[in-house]
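Labels for the chains are A, B and C, by order of writing; each one numbers its residues from 1.
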């Protein structure tokens, strides 16, 4: 174990290509997936949280359930879609980062939407009403409301990022764990462990933990302490 | 300057609460303060919401100087800027006290110097100038309420709607607020509509009293005829 | 305005994702050729020469053949001769070439409680393990090794089942590791064994010359008539490289810990 730890630090400090490409790919895929999911999920979450429509409760119940969607099921479904024999086979994106991004996007969507919906549920009506009462127009009201909900949005984004950054099922099934191409932190750890070569796995695991921890800690410090 | 608001054959159903507001022929003018009195669920807040143009009646009209305005009209946006609405559970934005009070003036694109002097003036009148740089999340309930009142009154709106403005406020501050309202009336006499559980405040302000019950107006008394009215209204409230 | 938002978002999405959709050649392969490092040794000269990047998807042979049938990869490098020939016969595969071989070995714990090393052949060895009900770890993932192992049990007239027969459903290295942790018997290709030799305690117990343990590797391109999108030309170029004297020589000289893992046999 001591040897492997030493090896892990050597890998981190020498910035080995195997190590860097996995970290880089993880960041790239997860950030793009988060961004794409957020564009739709944030407005959708606000709509579910504050909108008045018939099936609002049902929608938010579905979103909450979808938050715990298993990654392997998403992987399996998308695999059958993206396979050449599947309905979206002609895109040819199976075993590419694009497929991983799509999968992580789907994984992130309900997390962002459900948390934004839950957070804005009480806030929404009141903040927009208050803004309107002060004479703000539609756009100004929405801007004020968004500014009010920034912490909620931030918290939901970091929760989603934590989940997609550390997931392995989707990346493995849709990416195929191709070296320097679709091998990210988690699939590399899985492979290294199966090969019994722990140093690279430990090095990557440390990076994974540091990034996840930093994100959670920063969100915690951004939250107002007294309500 | 808006000189009167008239409620004409208004009907509005509230589904979760399961009651319907049916009001016809009430006119609010600038001559005196108007107080809506009634037990919980009598429709006071709902009526204020309709007048504030944040809610829309199913039937009927709200007339501002004879002009019927509905919340979705273009004219409503313009008109809303002339209406100040202090809600029952007011919402303040996650900024400091000064910024909250200045918000309405900023939306109206007032000059910086004017904003500063008006905000400082109202904070001093409410004796909360020491809170100016505090975040609103750290205020007590009474302080919070006062900031919400300052936020609306600083805009000197032509129509002032106050939903239970003195809930959560100690007597001394309540009197201070009543003084401010009197000053405002002397200065430019806006239309003022407020709600209350009890009648004592309405008497002090010599206000018109509109008694509501289960979404309907059951009695009206002008500010000059309070004494005859007292017994009758007390009956209804205790009912 | 609202009507244009959704298509616009879709466009952004596909623009963002298609930037990653690769033009590289996709090769699905059995874990033994990849995890032993052979492909990382013999492919770079090809990539340099032709300017074609090769993306390796390391799965079991069964999965690789499925990927070829669906046209999800351009070619496969596997070791299950019957399944390979069936793929070609069904018209999904084309231009099959054998490129190398090694053999399977059965590893077991020190002391050899099932007396595998004393058995006269591999069928006898399996019967001994079954009689002793000693723990045996199997891939159980329909890979080439798994197919081979199951066929050997059949040849021995047995159908292994019960608490002593464990199926991991994982790759060769992972399965070997599990067998090592459990002090069990396990069958695997010699290359993976030699590659992992220093990390395990199990030792090889079978004879190298047993015909039943012969393990030939073949490469097949996916038939473009069934899957027109495949990069057939590049795939054929890669196959030609693999059977070229230069590459065959590299396969023969590839050593891990001083041992030869694969034996080239494309050139008679």
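Annotations for the structure displayed:
Basically, contacts are C-beta pairs under 8 Å (C-beta built on N, C-alpha and C of every residue); 3 or more make two chains touch, one makes a residue touch a chain.
Fair warning: this is a prediction, and the values are worked out from it, not measured in the lab.
Separation of chain B from chain C in touch steps, taking the shortest path, is 2. Compared with chain A, the chain whose C-alpha mean position is the greatest distance off is B. The most centrally placed chain, judged by C-alpha centroids, is A. Taking the mean of the C-alpha atoms as each chain's centre, chain B and chain C sit 78 Å apart. One inter-chain figure worth recording: chain A and chain B are separated by 45 Å, centre to centre, where each centre is the mean of the chain's CA atoms. Each chain gets a centre from the mean of its Cα atoms; for chain A and chain C, those two points are 33 Å apart. Multi-chain contact residues, meaning those touching two or more other chains, do not occur anywhere in chain B.
In the complex of the two chains, the chain A residues touching chain C come out as 32, 36, 39-40, 83-85, 89-98, 101-102, 176-179, 181-182, 193-196. Within the complex, the chain B residues that touch chain A are 52, 54, 77, 80-81, 83-85, 87, 89-94, 103-104, 107-108, 135, 137-138, 151-152, 155.
Residues of chain C touching chain A in their complex: 9, 12-13, 16-22, 24, 26, 35, 40, 55-59, 70-73, 170-171, 173-174, 177, 196, 199, 227, 229. The touching residues of chain A, when paired with chain B in their complex, are 126-127, 129-130, 132-138, 140, 144, 147-148, 224, 226-227.
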